[in-house]
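What follows is a single structure, written as structure tokens, with notes after it.
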Amino acid sequence: MREKAQLSDRFRDFDANLTTRPWIVLGMGLRKFNRLLTLKTWNGLGIWLMIAVVYLLTFIRFILFIEPEDYPCVDLNDEYQRCVPLDFYGDLLGNAGGTKLFLIAIAATASGGIIGNDMANKSIHLYLSRPISRLDYLIARFIPVFILLLLVTALPNYMILSSMWSGNGLETSWLLDRKWLIVNIMLQGILYSGTYSIIGLTFSTLIKKEGIASSTFFLFVYGTSLVCETFFTILNAFDIDEADYILLLSINHVVDMLSYLIFDTKYYVIAFFTPREVDIGSVELIAVFTVIFAGCAGFMYWIIQQMEANK
Amino acid sequence: MIKATNVVKQYGNLKALDNFSIEIPAGKVGILGPNGAGKSTFVKIALGLLTPTSGEITVLGETLTKNTTEIRRKIGYMPEHDCIPNEMTGVEFLIEMGMVSGMSLAGATERTHEILGHLRMGEEKYRLIGEYSGGMRQKIKLAQGLIHAPEVVFLDEPTSGLDPNARREMLETINGLTDVSTTKVLLSTHILQDVETVCDSVIIVKDGKLQMQEDVKAIVGEKSNFVQVRIGGESENFISELKKKKITVEDDGRVLIIPYVDHSTYDDIIDASVKSECSLYEMERTSQSMDSVYQEIIE
Amino acid sequence: MNIKLEQVTKNYGNVQGISNINLEVSRGITGILGPNGAGKSTTMKIILGLSRPSRGRITVNGKNPFDDWELKKDFGFVPEYDCFYEHMSGLEFVCYFLRMHDFQREEAEKRAREALTELGLEEAMERKINTYSRGMRQKTKVARATVFNPRVLVMDEPFQGADPTTRMLLMKKMTEWAENGKTILISSHILHDIQSLTDNIALINNGKMLAHGNRHEIRNLINIPRPITIVPVKDGNLRKLAKRLLDEKWTKATSIDEDTNELTVETTQTEDVYLEIPKILQKEKITVERIYSEDDSLDSLYAKLVEGHQWK
Amino acid sequence: MEIIDKIGKLPDIVQSFAKRSKNLFPPIAKDCIYRLLVNKITWIVVAILLLPCVLGVVIYFQTDEDRQVRESNGEKVYYDEDGDLIHEDAREEFLNIFDLFVISFVAIIMAIIFSSELINEEFENKTMQLLRTTPIHPFEIILHRYLAGVISMFAILGLNAIIFYYAVMMPSGTHGILENLDVLLMVLQILLFESLAFIAIFCVFTTYLEKPYLVGIIYWIVWESFVSTQNYQQLTITHYLNSMIFNSTKAMGWDVQASDFNLVNSNEEILATEPFTAMLIIVVIAILSLILASRGIANRQF
């Protein structure tokens, strides 16, 4: 009896000692990140495997076979350049040789159930009844995918950078001359990670089943990119100048173009084995990107807003 | 504890709450009402999950219209539907919920084990929630509402889907809550017997309006003017025996209802049972139950 | 309709669902009780021909419901869980299943309207099901299962989530249907409801049939003394009555609660006691206002059986 | 003996099914088609399907000025800069893109999506249990859903084919559009048989498997994409579809080789099946699949 009474006293006078909202959100995100990388589920295993593939590719394709003097950019012909940080995001197929396929696959696997599962088992109602706002919840769910993607976008690029730096004898001046590169790689990483995570989250909100959401995301992003590129090639065969605009339909290409914009390089798509320049104004590009990004974010927020109201 | 003045909530043309004013006292309070009467809407407004179309509501002395998220630190919520993920263990899930409420890892862990101990969950708390039975799931749902030591906890149909044993256990737990903590309980349910056993006071809501607010003890226990009798053997003999005494009997198949005049009615019944050689299983002057009160108010 | 289960066993892989269940139901309401996972739903599904028993025989009017799909026009099933085409309105949903029962379109719509109106859904029936509350869903399920006038009605937790008004309405309907000769099997966790609906129950625990029959008969099977509580009107008679009852050979013990003015008698005998006590009361001229046996309620019967008591 | 008995009863059963179907088919079809049309994934597929059509329109406006007109028999016939007939070019583009993109990619994905929406969703929503307590034979449950699926899939893809055909053929004027209607008809025929075959096959997957998506996609990649180009390609549906295209185009007088459609084995022997036989085989496979699927539902334990 004595013991029970003690327990009851502690129970009664318990002081939860709650922290503030930013910490809750950050903690939620980090814990979810931790759960994503667990080896206990097939999803986690798959993500680990794909991360391994990305690093392997980085190591073989970029670290071993690129001469330090070719870094970061080398002229492809008179007009176009091949830049390693850009090439990294290129297609695995074709002669670009990059990791995009795996990046999208990782984003699809990681983001598929991230909100959809909460909606399917209705635990979202519990999260929303906690002292966080709906926007906080969205941010907390955005963080893990975003961090995960940064691990496979910006980080390998920095690894290439540091290996090139060591190839150049670890001189500080070399690094100081390429300050812009360090910033650009980060910007680029954030751009890719942010876009894929928010689109992934949108699909997860839209389709409540994890597997279907993942595959739809993959088909939507990678499929449209393939289709648009095929059509771009065909249109080019007909010598149509406005063919460039068809690439705006593919999120992949929009992000690619933005990333080329960051590096201030001419964007090209390989059609019939020759690079063809794609010339779309930066204003249009940023406008399209903003529409996509804001559309996805707004849509998710709207769905979450609807959650309780229609119950 | 909760005070609402002229709260209106409108969904399109539908008025879920219509000029709803109430002052809910502390303790264990039951909310009753038909489906769609506005119970859930009220609870969700009080939780800050919905904003009322107009009107003002204060919970624990704080106005909800200003800081809807902050007030949730003081409120626990146990939803009606099944809403816990299958792929986590009970302990993991509760710690996660505690930390989402803003607790530290150590605090949440300690509290989780304390609550689960209090709810009499043993080693199974380390198993995946997907393997739990309905009663255990319900306990986890209750525990997540209590994890951050809230001042009020809203329980939305805590006994739905539970088998009789689990239901009894759940009711005992809720009953004991006020003994071991300062948490106040607001319970919404469809099972009137639950309110009878658990609550101190009861609120009945219909069509978005408050119909009644009363102490449970005051309503249950008032005697009615009927005696209920259950007999074995030939009931025809028994009835005709009573008819000789000019007493009308209503037979609803399993029990007989006999109007009560005074104590002599009891003697008449016993007399009739002896004469007709029917065994008398049960004789009782029916008292007012939650059922009859509820029906009276709703219809 | 005559439903007969003989030694029915059902395994799910290595997990035993139910084992050696014998049950015969012909008409009226039968309540199936038991804890969660005891095998109530499995039994119901076997009766409905939704799953095949691993061993044993199930016959409905002499036919096996699993193979005989035409037999199923007599089956109405109210499942425990939600199973709707959420995009349909309640009316469309009921109509849809009426069409599956080979009713023509106009006929189906007329019947569906009638059935839904009868259950108090006349306003909601044009609305989509995904806007329904739980009580309305429950009513829609019941309407769907009864609209084609089946002879067997199997209801798994029909009162779940239904508000008291709905519950009372459904209970009234069930009594009506039972009087019209339907066979109704019903399971519910709220013993109070079953008790006010029927005395005929089947108790299942751990996949085994514990008892089947009238509530009172089942109580008589349990081999423990039954306390009967008597409340006299006047205080003075309390001790007198206690003393008098102790003289009887079937009295094991008596106890008096002064606060509530209650006298509790523990008896060894069962049936005769209920005849004897009124006689004694009459002879001694003691007026009592209450005679009851707490043990007789379904609640306590359930607790005793499920917790595993001795049998005679 | 039992089997012989069953076969003896078959005409009666078929007759009673046919009679009942008048009452059963409309509600089921209405519900199924509605479900398929409001499905989000269907609309994503439709959006992807519209891309080629947009492309065709863009090409038309771009090449508008370059083409040359000659009058013959009062009809305007269009030629390109090199003096070739535009419609002969365009019809080949039409068939190539449609074959590559729609027939061997989108249509199969769509069949997987549709069949799992039709059958698997019902298992998950547990409405299948309710259906199994109604006096309706498992074969009828599957048959009417299947027909509804075939109708909607054929309608969507067929409409898309017509729009795409029009978009691609626009540069060649009315003459070109009318001249090559037989290509369109052939494509529609292929689409019909493809819907018939694949929805039935994926229905079998959905009735027997918990997660039919994965198996469906593996089946598509391994069986219909890989095996269909190999020596034993007669085992795949794609082979029969290809044979139908090959034979029809040949009959239309196009210059095509069997190897264009992978209809050769490793010894360069032509494996193409006669078109009528191919159609028959597809229909038989569909019916057998439906019977298999209905057995799956009948034996399913809930």
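Read from first to last, the chains carry the letters A, B, C and D; within each, the first residue is number 1.
In the analysis below, a contact is a pair of C-beta atoms (placed from the backbone, for glycine too) under 8 Å apart; a residue touches a chain by one contact, two chains touch by 3 or more.
Only a predicted model underlies this, so the values are computations on that prediction, with no experimental measurement involved.
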Quick one: how many steps at least from chain A to chain C, stepping chain to touching chain? 2
If you tally the C-beta contacts, which comes out ahead, A-D or A-B? A-B
Can you check how far apart chain B and chain D are, centre to centre, with Cα atoms defining each centre and the answer in Å? 57
Between chain A and chain D, the Cα-mean centres are separated in Å by 36
Centroid from C-alpha atoms only, then distance chain A to chain B, rounded to Å. What do you get? 48
Separation of mean Cα positions, chain C and chain B [Å, integer]: 22
Which chains touch? The pairs are A-B, A-D, B-C, C-D
Residues of chain B touching chain C in their complex? 32-37, 80, 133-135, 157, 160-167, 190-193, 232, 253-254, 263-264, 266-267, 270-271, 273-274, 277-285, 291, 294-295, 298-299
Counting only contacts in the complex, chain C reaches chain B at residues 33-38, 133-136, 157, 160-168, 175, 189-192, 199, 216, 233, 271-275, 277-279, 281-282, 287-293, 296, 299, 302-303, 306
Which residues of chain D touch chain C once you look at their complex with the stated criterion? 20, 23-24, 26-27, 31, 34-35, 38, 125-127, 129-138, 301-302
For the chain B and chain A complex, residues of the former touching the latter: 11, 40, 44, 47, 49-50, 69-73, 75, 77, 79, 81-87, 96-104, 107, 111, 114-115, 117-118, 144, 148-149, 179-182
Contacts from chain A onto chain D in the complex sit at residues 206-207, 211-212, 215-216, 219-220, 223-224, 227-228, 231, 234-235, 238-243, 246, 249
